[in-house]
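Next come two complexes, and both contain subunit A; in the first it sits with subunit B, in the second with subunit C.
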Partner chain A sequence: MLDLFHYTFIVRGLEAGIIIAIIAPLIGMFLVLRRYSLIADTLAHVSLAGVAIGLLFKINALFTAIAAAVISSVAIERLRISKRVYGESALAIFLSGSLALAIVLISVANGFNVNLFNYLFGSIVTVKQSDVTIIGILGILVLVAIASVYKELVYLSFDEESAKVSGIPTRMLNILLIALAALTVSLAIPIVGVLLISALIVIPVVTALQLRVGFKQTIVIAEILSIFSVISGIVTSYYLNTSAGGTIVLIALLIFVIVYATKKR
Partner chain B sequence: MKRILIILIFVTAFLTLSIALKLHYSPTTFSTAQSGTLKISASFYPLAFFAEQIGGQYVNVRTITPASAEPHDYEPTTQDIATIESGNLLILNGNVEPWGVKVHDILQGTNVTVVTAGAGLLTQQLVENGISTTDPHVWLNPHLAMQEAYVIEQAIAAKDPAHVAYYQQQLGKLTTTLDAIDTAYHTGLAHCSQSAFITSHAAFGYLASHYGLQQVAIAGLSPDAEPSGQQLADVSAFAKAHNVTYIFFESLVSPKLAETIAREVGAQTLVLNPIEGLTPNDSTAGKDYTSLMRDNLHNLELALQCTP
Partner chain C sequence: MHTVDHTTNLIELKNVSFGFTAHDTVIRDVTLAVHRGDYLGIIGPNGGGKTTLLKVMLGLLKPTKGTVRLFGKDISKFHQWSKIGYVPQKASAFDPNFPVTVEEVVAMGTYARRGLFHRTTRADRSKVHQALEHVDMLEYRHRLAGDLSGGQQQRIFIARALAGDPEIILLDEPTVGVDVSTQEQFYHLLKKLNHELDLTLVLVSHELEVVARETTEIASINNTLVYYRTPEELAKSGGLELAYGKSLKHVRATHHKHA
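Take a look at the complex of A and B:
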């Protein structure tokens, strides 16, 4: 039955998938609490522009995606702080703007339409060994960064005003959080793809929040759900011959629906 | 916490059930019944056809690109890659398969041999928007198809030296068939009133140059590349200037473009099959590579107004 573990590319996909499943809800937790769920989607579109740049100049698309996402995450946050545009307008500008840039760059380079599909919907088949290493190293970086400012981030998530008053560098933290989100999003692209990434970041957290338990417990449950969705999604997609990214997200969504429907009022 | 556990168990059971059902109704990968045969994956139809002809009873060939999908933009699924990895040999054409480069990385450390049948044969370039791309469509020229068949035979024989004599004999038969097609093209296209033909996708470059024809393509080397308005206008002008009466389209992609031009210049449309896949209709009609090559010849003779 479990013949799929003989295949090296599936093992690679699982490795990368599990690393992402670990960091995604961690970032997602803070994003969801701060009503920032859509930033993941925006950053994913920005990463697509980064991927297009990478493909155009024949650089490793993972690096250009990370660079594009991190740089624009800072820009989005600055635009939001400036208060000259609404927060979600800033997201909309970057979301459609970067998609426009991506599609123009793609038509300039005409000839990688096929690769594009991989980036839009993910494909564990495309994960190379070097990608797993990069995802692993950067994943640890995200974990360490979150752990080192964990307390401040929690404070910030629940009460930004008093966090500011009590001397926490809220601006720096906000930018750090979004930059980490950008990093996570770009890392997750090969597995679930640009269009589905925010689901992996947001859905397990939202599901866990339904249970109304403590902060740490919510994170633990979100982690379990996310890892479960990724592993079962990859295994199921292999046997059903479906897209891995889509299957992962649908499983996460199925769990959410069940949890929501069976919730004690 | 307990509830989550119950839900996860429920979801696992549901997924396992769906997998079990799927495996029960449509088992994938190579059928294990024919053990002892060489398991060959071919990226798309003509290569699979050559491999089957050469390998005969000793090989089990699977085509990666499914019937009625376009090999230029088909992405292998996880199962396809698993199929490739569980086989002995993978035959690529080179430059058609977008996954051709990547698959080498994926197959590193496995005992699957990758053979690129078109290696060294892709000599023609096509310039699109100032970017020159190598034309991969060698299998449409019977002469080059023979060389691909030879490369495939060498690869199969190297994997299974016990049946070399058989493979050589089969290659001989295939070469004779291809030779006959070549002769038919030479004689059929010898006296034509026109030499230029318009196709929707630039797949017939090697065929055209071999038989002294001129191919004008509406789109580029990849069948789904959208031509600009300017390109469409140029092709229409060409068609008008040369009194082209037939515009070719192909079976696997929409005939929209060919029809647009045909309407524009008052021509009719005809199929010129790039033989990149065998549609379910083709297979039920008992078509194969050789009969499709002959159909193409027939339609070319019609379009170029050839007299025997």
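Take a look at the complex of A and C:
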């Protein structure tokens, strides 16, 4: 059983995966409750454009993915606040626009000689030690940021108008939340890939919500489910020789189906 | 008994107008003051600007003309938001699946007082308990807010406003969707808070009868302020006819139909 830990790529994948598993539901909780679930998917596609830019200019693709996602997240939020464009339309514009940009850049560079599949569906084999360090440092940054404004984010998610009246800087917090979501999404690309990130952010939270407990308890349960899905997904994928990202998401989904079916309202 | 200085203005509106676009005016040239210890009822027909007026008072909407002063300060320079409690209209229609306990909802009321990056202290927890005791909901503190009845949910929203130790609470149609006997208890609670805690209250409501019975001052608004005095003088003055443009009896019937 322990033979898989002899492979450094598995250890690196687990290290990066666990960090992502911790921050994804923390961000996901606020996105799901604010009906922003789709933003994770949009930011993931924006990250892909960032990856393409990185590959084209031979810069670390994780950095360009983060930059593209964070800048776009602020632009999406500003577009939404302007009320000249519906919120979901803003998401659609960025999702398809960035995918188009990614495809054009990839075709310009004749495919970059890299396996695009790795970025679309994740590949822990390609996770470098430097990636683990970056994911670790930025993951801690996300954790600290959320912990600092946790109470205000709860109030904002529950009742934005009253939060505003009580002097909470709602606009600033909305932008911070979406920028942290962008950061989380970009960091998760090596593990679950662009197309599966939103599942990791959303599914453990939605599963925990079925149990109808308080806010803190819901977060704790979502964290446990997320960490369990990532570890068991990576281990299972090693033995079954399947995609780690896909296996992680399928395990999270299976838990959701079991909880949903057994928990009657 | 009231031992409150009724001459202090907590909220002061001078010639305030507001419109969502340059061409429409929801409220026009409204001047009124809420004094310490007042229990002001704001009434008027649907679309007359009651909620808009309240949102201007709370700084949620910026007036297109005129000035708003809170606790003697211009609203743009006012930062002591913990002095103001707010019970929004949608309190009765919040997402019942939101995973939050009664205690967690009421604790939100303490955040304004403490500022960003604070940790919950023992004093905060004791404020939450006191607020829940005031509204008789302490035993429900571990229950999910979404599992409570409409009347109980309204009580926890009052408790949330109380937990911030406010000097004034503004309520926007707080009893919408709540049955009649629960409404009675709710208004009894508001009166108790006004009398016993010397809390200043501003109540926006479409229920003319309740407002006339419960409040100490009435502002009747139909785009512009058409009446602003005590409830006793209301019937004599013809203020309601001015606000609603029809007789009171007829207005009630029409209003219920649209509610």
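Heads up, the rule we're going with is that the second predicted complex is superposed on the first by the 262 of 265 C-alpha atoms of A that agree within 3 Å, B and C clash if a C-alpha of one lies under 4 Å from a C-alpha of the other, contacts with A are read in each partner's own complex, and residues count from 1 in each chain.
One rule holds for everything that comes next: contacts are C-beta pairs under 8 Å (C-beta built on N, C-alpha and C of every residue); 3 or more make two chains touch, one makes a residue touch a chain.
Since this is a predicted model, take the numbers as computed values, not measurements.
J.: In the superposed arrangement, does A:228 touch subunit B (first), subunit C (second), both or neither?
T.: Touch partner of A:228: subunit B, not subunit C.
J.: I'd like to know which partner A:9 touches here: subunit B for first, subunit C for second, both or neither.
T.: In the superposition, A:9 touches subunit B alone.
J.: Looking at the overlay, does A:128 come into contact with subunit B only (first), subunit C only (second), both, or neither?
T.: Touch partner of A:128: subunit B, not subunit C.
J.: On the A-aligned overlay, A:42 touches which partner chain: subunit B = first, subunit C = second, or both, or neither?
T.: It touches nothing on subunit B or subunit C.
J.: Determine, for the superposed model, which of the two partners subunit B and subunit C contacts more residues of subunit A.
T.: With both complexes superposed on chain A, more residues of subunit A are touched by B.
J.: Could you say whether A:240 touches subunit B, subunit C, both of them, or neither, answering first, second, both or neither?
T.: First partner only.
J.: Quick one: is A:118 in contact with subunit B, with subunit C, with both, or with neither? Answer first, second, both or neither.
T.: first
J.: Go through the superposed model and pick first if A:98 touches only subunit B, second if only subunit C, both, or neither.
T.: After superposition on chain A, A:98 lies in contact with neither partner.
J.: Between subunit B and subunit C, whom does A:255 touch in the aligned arrangement: first, second, both, or neither?
T.: Touch status of A:255: first partner only.
J.: Find the residues of subunit A that appear in the contact set with subunit B and again in the contact set with subunit C.
T.: Subunit A residues touching both partners: 213, 217.
J.: Could you pull out which subunit A residues touch subunit B in their complex?
T.: Going by the criterion above, the answer is residues 4, 7-10, 13, 110-111, 113-115, 117-118, 123-126, 128-129, 211, 213, 217, 221, 224-225, 228, 232, 235-241, 244, 251, 254-255, 258-259, 262.
J.: Which residues of subunit A touch subunit C in the complex?
T.: Per the stated touch rule, the residues are 33, 148-149, 151-152, 154-155, 157-159, 161-169, 208-209, 212-218.
J.: Hey, which residues of subunit C end up touching subunit A in the complex?
T.: Interface residues on the subunit C side: 58-60, 79, 81-82, 84, 86, 88, 90-91, 94-95, 97-101, 103-105, 107-109, 111-112, 116-118, 120, 142, 144, 146-147, 160, 164.
J.: Considering only the defined contacts, which subunit B positions touch subunit A in the complex?
T.: 1, 3-4, 7-8, 10-12, 14-15, 18-19, 22-23, 28, 72-73, 75-79, 81-82, 85, 98-99, 102, 105-106, 108-110, 128-129, 131, 133, 222, 224-225
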